[in-house]
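Below: a set of structures, written as structure tokens.
In what follows, chain A forms one complex with chain B and a second complex with chain C.
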Partner chain A sequence: MTNKDNLFTFADFDEKESERIAAPRYSYWKSVWRTFIHNKVTVTVCIIMLTVVIFSMIQPIFSKYDPMYAPNINDASMKFLKPSLQYPFGTDNIGRNLFDGVWAGAKNSLIIGFVCTFINMIIGIAVGALWGFSKSMDKWMIEVYNVVSNVPFLLIAMILSYVLGSGFKSLIFIMCVSNWIYVAYFIRTQVMIIRDREYNLASRCLGTSTWTMITKNILPFLISVIMTYVAREIPATISYEVFLSYLGLGLGQDNASLGRMISQYTTYMNAYPHLFWIPVSVLAIISVSLYIVGQALADASDPRTHM
Partner chain B sequence: MSNKDKEVLLSVKNLEVTFHNEGRRFRAVKNANFDIYKGETFSLVGESGSGKTTIGRAIMRINTLSAGEVIFKGKRISGKISKEDDRDVIRSIQMIFQDPAASLNERATIEYCVSEGLYNFHLYKDEEERIAKVDKALEDVGLLPEHKSRYPHEFSGGQRQRVGIARAMIMEPELIVADEPISALDVSIRAQVLNLMNKLKEEKGLTYLFIAHDLSVVRFISDRIAVIHLGRIVEIAETEELFKHPLHPYTISLLSAVPMPDPQIEKAKKLVVYDESKRDHSGPKPVLQEIRPGHFVFANDREMAEYEAKLQEMEKAEASAK
Partner chain C sequence: MEKGYYLKRIIRSIFSVLMVITIVFVLVYTLVPRDRIFFNDDTVVKLGGKPDERMAYKYKQWQRLGYLTYTNMNQYCTEVYTTGSSAHEACVLAGSKDEKAFVEKYEADGWYIDYLPASGSPIAYKERPIVSRITEWFKNLVVIDSVNAVQDENNPDLERKVYFGKTPTGGLALKCSGCTHKYQLYTDLSFPFIHQNWITLDLGTSYPTFNSLKVLDVISASQGQEDRVDTVFENGHTETSACKMTSLTYKYSLDKLDKNKFDDNYADCEINKKDPSMIGISFIMGVIALFLAYGIGLPAGLSMARHKGKLADKIGMVYIIFIISVPSLAYIYFFKYLGSTIFGLPNAFPTYGAADIRSWILPCISLSLPSIAGLMLWTRRYMVDQMNADYVKFAKAKGLNQSEIYRKHIFRNAIIPIAQGIPSSLAGCITGAIITEQVYSVGGMGKMLPDSINAYNNAMIIALAFLFTGISVIGVFLGDVIITWIDPRISLESKEDGR
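Here is the complex of A and B:
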């Protein structure tokens, strides 16, 4: 074997080069998006959800459905029609078009679900973040929480709906007046878990204010748990609206409502099953798809799934 | 060499930290006294749970004192101080943390991590200057400007620790409390971080309070060493003095635990186990006393006499060896 020196040359050591990171740049939201669209099932459910939501927002504009308006009330031939091309979901006991009714009801349910969740989350996160940070606030907030959480929500809802009367705004008020405290309590616990981690200590040593700590150090870590909470909260609020309307506490007669519809048509469950099952199915599709999409988003927003 | 003519930067007087847990009290640090001179590296060594980190955190004002005070440049910084002093102290005393993975905000870019202090004190005129400062700080610790948009999890342990150093340095502090800055690092990059810390010290005239349990590292980096045991400082001396003439039994035991790279010596080495309960505790209460200029040892009068005799013997042996 001959020594072929010219085959090898000394490589230069470049200190700067050794510091370079070869991996592609990491972007949080891009990774969230990539993980989310990776799952074909959730994308399908997401498309269904978007279709239902957009349709129920647009359809009532054209149908101008009003539950108090029943022009065919005296026309026996228009009652209890089976689903057909003209009446895709059939007609009900006073000759109203069920198709229009279902979408108008879905629209109201969705608006209430989103608005209440939004209000509850905003108040809950703001209060919860401060609550988790401040030990002096914790002392009295926990007592407030104990008192409020021990009063049954149904009792609050009944009393308030008798006082305020039924209607869109009062229902939103009822659903928000005490529910934000559960969000706040949840956030408080989460904040406490990560409050004393070392990087927060480091921020404190750098003189970072509590507010900046909350927005920069704490909340970005809570995106995925907040997403999970929202994913549960929206369908739960919609179900609760339906439940309250079913009991007669929610929306009044003059508002289309899936809950009121379901409670009205329960009597026709055997004779005209479509009257009962169609509103129930629409409600189920909305709740389940919102829940699945929300959970998928929550999973995708957890950076541990980004690898 | 006398310490009298050096400027005292930080002075800890009768410092005591007590933790409360449901009525039970635990004194983590008992009556600690020491001065840190400007421009030196002062090390605190001791086993886990001895209270060395607690002292560091008390100086950083994370842990509140139950007695005593901390004086920085002639001003008391412990307890309640004015808002202006508070800002000054935050800027002048910075900390390097033990675990680089835990001490950086994972959801923020390196640019934000390093500029955090600049944002808080608005230490820049415009965006351009801020970015220039961040670039300079990263360059000082051997990182590249292109790392600004990266996230902490993309870095190696050594790089992350250097980000932590850059974050502290950008505030232009005078004193840095380094809480075991290399114990979470891989052995291969410890030297890199230590050399960097030494380089920055020379360039910027920094003073370090170095907290560690690794004696070989401490010997390499420090000018003076304080040995702490169960919340009490048992011996303070200049580095070589301490390694040559350890007096307190705990110091001797600690030094005997340093592994030797020579297997022959290592096998012959006798480990000295320190047991507080087996010591002779007779006589008056011990205090920290100066036995030689700059060499303090925690002893009462009886022990002082013993140490003095031992010290003279050691000095005699050295003189005859020469």
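Here is the complex of A and C:
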């Protein structure tokens, strides 16, 4: 009996302590970061990705690679060299250093992937949020979508590339001119799903403006979905650039491009396999790592995983 | 209710097809410089030394292709003077005094004037508005054959009648004399067994590639070597011929060979060839790939969902990530390399041709790879989403075993959004696959769009845009019909409430 009495003591009433809120401080982005670095695989892939990205941004500055410049074009001893210390990836059919070419191409692919995705996402989210929110806008936007999504994209791309000429800016324009509407359509569907939830109805009853509804109530809810889309969009854009270059569109002859490299070197796949497989592997490493990091970021940005 | 919806939906679909064609027309005919259509035209090269004739030829082609209407001194003089008169002869000569009147007359009407480079003789032309060209295109789209279709001055006594008869292979036929096609309706042993020539589509005439062939014939006629068989013609004449008898059409000027074989004027026929048509090859390939995709993708997605987080799921995810993130060009070459070095399969379609089954294996597999990944991903997603639903918990509580729940409850609900995509992907087969067909040099539809854009074959571009749009609109529509059919809870009509 006496023992039990000793186990408990009366606590003094502490006003300061009672005012403190029990839950730990929650910062959204800190939680995202914590969840993100929790996974060992994604951190490893992220390091690989960053290395490749930084290297492909810096290496071309020093190599000053120009696909039109081939000083060894008449020197047969310089062609089709196997990878060595001097030429880490060997040389190609006209004696250019493949190592420089691959990184210059990777740089262009990455820039196109990021810039186009950025532009498409910005326009797409802005239009899609309004589109999903307003039913009167939905009526005619859905018709616009039906029409635009039915024009073969290849047709638009090819005609525009003949009209604008090939090059960096026109390629980015081509990749953005109609693709934002797919993002907008995707966002529209997502917005429509959560638009009529109770908290939004309540918010509307309290007189919240459309702008605040979209930016404060709806878009934060969509961050993880948007990140998932971005994770898929960047490799898809890079992939599409490769496809266009394969068809002879895309970047012009004077810009290094992984896509054109791959399509040019396919003929040497059996005789000089390194010429084909090295650009393909670099491209695969870039897009796979981008995809995995993007997916991990999408998972981490979902508040439901912040436990 | 539903009927009204379908009607509205059809009207809207027609509207979108119309808009797409308009956009394509505008893109093709206003943005691409019109001189480029002659890049691949041999006639222009041949006329290189004769600048006047070359220019006249260009204007003639532009008029034929619908860019403009033009007129020259020849036509003007024939209008003003009687042919053969001395005034007419003086008028036609270069540098005549009538040229001034010609220029003044047409300039006043708002025509543009151009001068032939050598003789300096004027040409007047007027652009045709894009709207009138689009309406004309649609007006000519559907051709309905009739007894009065053939108007031949050299054959005034042509009998005009429709009658029953037999095809040379013994099928029943509804024949016609006076129509363009001899066989209007006939049966034979090839799918779909009943064929017709009564209503045909006219998608324009191809130029400059496949010059002056009908666009539809280019993509739907058989290819490769001629398929010659011993044929008995209707008048008893026998010879080895590749002529497809049921495709006979009216021929205006018969030669000696024709008269040998045919008693009437129906002497033009399609040539039977050994390989399937472009559409045919793409469609066969696409359908095989589709079967592969559903046959592998669905079960794989199912087992991924059942063993979520386990080894099967992880292997599946690796494959999906590989396909999604590696550019298709790279993995198509990768599988081609694997298939041709390890399994000794042909690495190009024409090596053994369409008749050999080995030619089809690699292209079909490479075509199905991305669809397998997509199906796996979405099947898994939908299954996993359904797994936490209340009805599943209820089924579990009732004591159903795992496989019964998966097969009879979850799968049936998860399959709905997947079933919606089936008509689209089936119809999409005929549009072909650009990269796969190029990598394996398959003579299918995939190469047609890029090729015709590169060759500035405008009629072909528009026809393909029309076909592809029509197919995709129909596919989406059928998909929606199918989901309401297999899941009665779904209603296509949205409830109206204003905002």
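Here are some notes:
Basically, the second predicted complex is superposed on the first by the 286 of 307 C-alpha atoms of A that agree within 3 Å, B and C clash if a C-alpha of one lies under 4 Å from a C-alpha of the other, contacts with A are read in each partner's own complex, and residues count from 1 in each chain.
One rule holds for everything that comes next: contacts are C-beta pairs under 8 Å (C-beta built on N, C-alpha and C of every residue); 3 or more make two chains touch, one makes a residue touch a chain.
Since the structure is predicted, the reported quantities are computational estimates derived from the model, not experimental observations.
Per the definitions stated earlier, placing chain B and chain C onto a shared chain A by superposition produces no clash, and the two fit side by side. In the superposition on chain A, contact is made by A:19 with chain B only, not with chain C. In the superposed model, the vertex angle chain B-chain A-chain C (Cα centres) comes to 100 degrees (nearest 10). After superposition on the shared chain, chain A has more residues touched by C, the comparison being chain B against chain C. Once the two complexes are laid over each other on the shared chain, residue contacts for A:214 go to neither chain B nor chain C. Applying the stated contact rule after C-alpha superposition, one finds that A:288 touches chain C and leaves chain B untouched.
In the overlay built on the shared chain, the residue A:244 is in contact with neither chain B nor chain C. Of the two partner chains, chain C is the only one touched by A:235; chain B is not.
After superposing both complexes on chain A, the closest C-alpha pair between chain B and chain C lies 5 Å apart.
The interface of chain A with chain B does not overlap its interface with chain C at any residue.
Within the complex formed with chain A, the chain B residues making contact are 60, 62, 87, 90-91, 94-95, 97-99, 102-108, 112, 116-117, 119-121, 142-144, 146-147, 149-151, 153-155, 159, 164, 167, 171.
Taken in their complex, chain C has these residues touching chain A: 12, 15-17, 19-20, 23-24, 27-28, 31-32, 36, 321-322, 324-330, 333-334, 337, 434-435, 449-450, 453-454, 461, 464-465, 468-469, 472-473, 497-499. By the touch criterion given at the top, residues 134-136, 143, 146-147, 150-152, 154-156, 158-160, 162-163, 232, 235-236, 238-239, 242-243, 246-248, 259, 262-263, 266, 269, 276, 280, 283-284, 287-288, 290-292 of chain A touch chain C in their complex.
Every residue of chain A that touches chain B in the complex is listed here, in rising order: 15-16, 19-21, 23, 25-26, 28, 197-199, 201-209, 212, 216-217, 220-221, 303.
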